[in-house]
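Listed below are the structures to be examined.
Each of the two complexes below includes chain A, the first together with chain B, the second together with chain C.
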Partner chain A sequence: MTSDRLRLLLPMMSLAVLLGAVFYLQPRAMSYFGLNLLFNLAIPVALATIAQMMIIMVNDIDLSVGTFVSFCACVTATFVHDTPLLGYAILATAILAYAALGALIQLRGLPAIVVTLGMSFVWGGLAVLILPSPGGASPEWLKTLMGLKTPLIPIAVIAPLVIALVVHLLIKRSWVGVILQGVGGNERAMERAGWSVVRLRAAAYGLAGLFGVLAGMCLVGLTTAADANIALRYTLLSIAGVILGGGEFVGGRISPFGAVIGALTLTLAASFLSFLRLSPDWQIGAQGAILILVLAVRLLFLRKEAAA
Partner chain B sequence: MTLKAIMLGAATGIITLTAAVAEADTSDKRIALSNNYAGNSWRQAMLESWQKNGDAAVAEGVVAAADAFTTSENQATEQAAQIQNMILQGYDAIVINAASPTAINGAVKAACDAGITVVSFDGIVQEPCAWRIAVDFQQMGREQVKYLAERYPDGGNLLEIRGLAGVFVDDEISAGIHDEVKNSNFEIVGSVHGDWAQDVAQKAVAGILPSLPEIVGVVTQGGDGYGAAQAIGATDRSMPTIVMGNRQDELQWWADEQASNGYETTSLSIAPGVSTLAFWVAQQILDGNDVPKDLTVPFLKVTQDDLVEALKTTPKGSVANVEYTQDQAKDVIATAK
Partner chain C sequence: MDDTEIGPGADPAPVVTLEQVHMSFGPVHALQAASLMISPGVCIGLVGHNGAGKSTLANVINGRLAQTQGQVQYRGEDPVQRNSQNAHNAGVRSVFQELSLCPNLTVLENLRIPYRTMPRRSWRRVARQKMQDALDLVFPGHSIRPRATVGDLTIAERQMVEIAIAFADRDREPSLVILDEPTSSLDAAIAQQLLDHIKRFCSAGGAVLFISHMMGEIFEVSTRIVVMKDGKIVEDQAAQAFTRSSIVDAMGHVAPEADTADNGLSRREFGPEIVRAANGLNARAGEIVGLAGLAGHGQAEALARLFFDHAPKWKPAREPEVVFVAGDRARDGVMPLWSILRNLSLTTLPEFSPRVMVDRGREANLVQSWKEKIGIRTENLLNPILSLSGGNQQKVLFARALASTAPVVVMDDPMRGVDVGTKKDVYQMIRDEAAHGRCFLWYSTETDEILECDRVFVFRAGQIAAELTGDEITEESILHASFEMQEAAE
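Moving on, here comes the complex of A and B:
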């Protein structure tokens, strides 16, 4: 078994265990309707996690994912709904801005953690400017798409799988992906091989921007309206999702399937604790405990693997 | 008495609470509270009221369950997930104090589509399928000015203490105050942000006082009256009439002043027990009663006459509270029709 497969095995097992526990606690969840309710809010989380993964892939970290997704949600609920052309133009500009940030970070040797932290206030401020009070409306097609009644398997299960597959093909099976991972693996070697690291980093950030935009749009499709603070939690959720899914902060070691499974696991963990009727005072702590538990088990696995 | 007769009686509110309770046909219904935040005294009192009232209702057999859930973080996405979990748990009604008026619309709609009664209060939701028990914050501002106009028919200068800048509640209360001042002889000569907190209000008022002429009254938003009193008390100005916001420290200060120099004012706010009102409204809807989609929360006023009583029942660090009964909920519904 390759190391990549092994990396994926653990997140899958944790998801399966949690899912089993949830089904045991709440048998009603074991249905088309139930699975949809359980997982549909995980779709935007999964997309945001993929966005974060693109950044972590090049050894950076993005603290602005949450506010960026909120910003995109606000744009979707206002401009995309009222004046679609302008709306999509704003979203495209946002993606370009993300790519420009990547280039800037590389050119000036800035720490990404500081730049993105600063940007989080910019996105947050823009979101409030666009939507000073909660409101707006989802474009009709988006609402229809997110509420789609797919045959047999609910969209909440299909969508994350499709997202993971597409990103997997892009990152793991195409030359672009291999080179981008190379930036995380050994930046200098890539430079010596004649690649422009500025462009590559810009590309990685641009991809992150793209998935951030998709996350914002999906979220609005689900909630049918936006709020400037709608997705603040996504910053930490996305980082946790990437790591939970077998990614590492350095070395370009990431897994698209893992990241999506990580996002699903985190969403499910919250539901599990809620079904347990655990007091809210303990819930955050318990969520953290689940995270630490999974990571601890992974460490054991990897040690064994290294020893073998 | 046949069941039908009992139902008829319950609907018209003729028979007593206990009789209606014993045989209401909501006895197998389960109601859940989805709450987004529990981090201040008002919310804690709100949850306590829900618990007390809910436990009693379950014990009397009015409903089968009245469970309260609070999200671990005050985030709309968490609350949406929480509501979706409640749908899975098979509750018949969900009572919501929402993190956002819009961002949980999708989950609320999903609940409605699953045949669940959704009642939002305090933090209301915009989704049309849900019931809304809203606070008329503008009216809260107007009532203060009306009281002061009674006390000072000739008018005078007012100081306004506002809440947290940029929050909808602050804009609304302030709009109500300014609107009503136009119809009176008062003039607002100063305005500061007290952030609904005693310490912030005290600093802000102390800062603006030297630049102000004589003031007769202070209009507030709750949680800031005591701080204003402290700031003004530290100068040689005569104490203006400060409208209070039902906090225990405000009532205590008022009672002390009353005892020493006959100080009079009024106090109003929303009782945290409004969660129990939402509970009974949900129960009434489940009972098959026709309830208008938009209801208004009554204010809890503490006047000079019931100050002593209110102070006795309000714990230190908390807010004056009242829990609503089924009959009071029916009254609120009847006035909205």
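Moving on, here comes the complex of A and C:
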């Protein structure tokens, strides 16, 4: 319990420091409207990070999150908008495909990093086929949902917290989540206890697919149009978010709240750099530097903890 | 068979019965014609040397391995196809040396994993209560909170949790608990609590299969003792029928081969001491020093520490002080994609590359000469290393080390999976090299290899338990030193 809290402390502190810096640079951001703008794109990033977290939970890594979210956005902006039934069927099939990939990876003992890298080209290709040039339109209900005016605190802040809470209950509190985490913790012990690791891995991948679909839909709700390359950056953002939020690449150590906070921090880092009036040419590099800094601090924390 | 010690009120039907069970992994017969009956109320102490088949027997009983021949019968209603399911239904549980907990989960969540039919509503409360009860039952006065994350616990506490889960009240009562070296990481007081619980559990009608190398513990809890040797059950009698030395006698004694006696043990003059480690390990030039004891008692670690202490950190040394011969070839021996030639010349590469480029001619000459010297059976040295048999791969690794000028050769159980013919060749080569002043540190789990050594350190629990020289090096004295013999204390 203590080590879990410590893991959560650092991402919260880095978010607070970054938020403080943004408010210092631009006091007007400290408002309902300002916060909404700052965290506007955080909802899809948070959902994609949760998707990545499901994969990292079972000791794998998913390099296709970005193209998969792009693909889902393209489907949402075209099929779901024009022929809803067919659109939802495509999205459901995509989730099943993800689950099947998980089963395949377990059954054949394939490295997930290779399989998902290959799949990233498949999703990317499908996205281009569906939407060769930027366009499409958001389904009306999604646009309304994403533009919802919640009282006092903007939806861009509430929604990620709600997402984190729901996933926390699912993964950290329910028995299903405990079993899924067990796969990352000690796969052989799970096998010995009689659980089907194939099914469990398929379930984890299926959940990742579900959150990937949700990320794509929210993205379209926000941007009201789609593009085959709309979310390519999400692959690395999501991995960084999970790790920033106190997760580990192996061992099934993950934290839904941490992952969402990690995603918020990364979104905020981009805004912070814009407020600094840093040229866009340098922004990606600077974002990377912030990431390295935070992870280095975390390493120091963990070393101290291990020494104590 | 002796099963007269059935506890009061126990169901007399045996929990598990093995009849003439064979278990083979390819050509290796890990278990031969093992017959065993485990009745309720009995605690069986299972002893044997490394590789005697103890773990295989335990794994057949708990259903993780399917026997290749023979019958395994469990108590209980309709048997199904899979042994593991039958074992589970019969209430067979096991605790193994490698921890089978999930370190990322809490203690109570770890109970959920083997307890597959736990009620789903408010399962956390149920799990916490059952975990607390089990820990209180086995280790009264413990300080483990069920909500602690396992990764934050000490090794001993993890072992306690694992044992408590095995004894916990789950969907069915435990009828047979298999404990494989359960006290290895527990201190004496906690170990005593476990032994007391085993006695209580057995007198209430449970059965325990207790695998340990601690003779004191075996004698304290066992009602019956089973001794295994070379995959066979050689003794199976009531505990009273044994003494410590009769157990050691039953475990050991591979008859020494006649030709080894005169060869290796002839007295020679040794040079100055060239190796000395903090734990007392030392060796002189021209000496063959053996590291003996049960597997996993710190021999490999001692060798690795010695090697890394003498190996250069950044810059490869032109003349290394220590070279290493790996036993686990796949893990730290061969480069699987390289040719035989490249594999062999790896250590000596700096010698052939006076500047930057490798002198291919000199490399090929050296490899060719070693091929003849050591007898690597191949037509073309450019063939991939994996085209060779295991024994010949090992010869390449020996040649790699011996081709260097290093005065010290460290060998980590190098004869694993090597055929007898190759072994004989290599023994001879080691003796020749030692006669030329090289010093060998040789960890082996096989007694006939240890008998080749001039001096032997016996390891137990990471420490040197005994140092044997000359005529003291016998299988019996090694066994005595590897197993805890605390006769004086009692």
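The rule we apply is simple: the second predicted complex is superposed on the first by the 307 of 308 C-alpha atoms of A that agree within 3 Å, B and C clash if a C-alpha of one lies under 4 Å from a C-alpha of the other, contacts with A are read in each partner's own complex, and residues count from 1 in each chain.
Please note the rule applied: contacts are C-beta pairs under 8 Å (C-beta built on N, C-alpha and C of every residue); 3 or more make two chains touch, one makes a residue touch a chain.
Predicted model, so just to flag it, every value in this text is computed and none were measured.
> Give one word, clash or fit, describing how chain B and chain C relate on chain A after superposing.
Superposition check on chain A shows chain B and chain C fit without a clash.
> Which holds for A:T265: it touches chain B only (first), chain C only (second), both, or neither?
neither
> Considering only touches as defined above, state whether A:R233 meets chain B (first), chain C (second), both or neither.
First partner only, chain B.
> Is A:W175 touching anything from chain B or chain C once the two structures are fitted on A? First, second, both or neither.
Touch partner of A:W175: chain C, not chain B.
> In the superposed model, which partner reaches more residues of chain A, chain B or chain C?
The larger set of chain A residues in touch belongs to B.
> Angle chain B-chain A-chain C between C-alpha centres, in steps of 10 degrees?
It works out to roughly 130 degrees.
> Output check: A:S274 vs chain B and chain C. Expected answer is one of first, second, both, neither. What do you get?
Touch status of A:S274: first partner only.
> Applying the document's definition of touch, where does A:A193 land relative to chain B and chain C: first, second, both, or neither?
Second partner only.
> Scan A:G184 for contacts with chain B and chain C and give back first, second, both or neither.
Only chain C is touched by A:G184; chain B is not.
> Please work out how little space separates the C-alpha atoms of chain B and chain C at their nearest point after superposition, in whole Å.
In this superposition, no C-alpha atom of chain B lies closer than 35 Å to one of chain C.
> Quick one: which bits of chain B touch chain A in the complex? Just the residue numbers, please.
38, 67, 69-73, 75-78, 80-82, 84-85, 87-90, 100-107, 109-110, 114, 126-127, 168
> In the complex of these two chains, what residues of chain C are touching chain A?
64, 84-85, 88, 99-106, 109, 112-114, 116, 118, 120, 123-124, 147-149, 151-152
> Quick one: which bits of chain A touch chain B in the complex? Just the residue numbers, please.
26, 28-29, 33-34, 37-38, 40-41, 44-45, 133-136, 146, 219, 222-227, 229-234, 267, 270-271, 274-275, 277, 280, 283-284, 287
> If you look only at chain A, which of its residues touch chain C in the complex?
Its residues touching chain C are 1-4, 173, 175, 178-179, 181-182, 184-186, 188-190, 192-195, 251-253.
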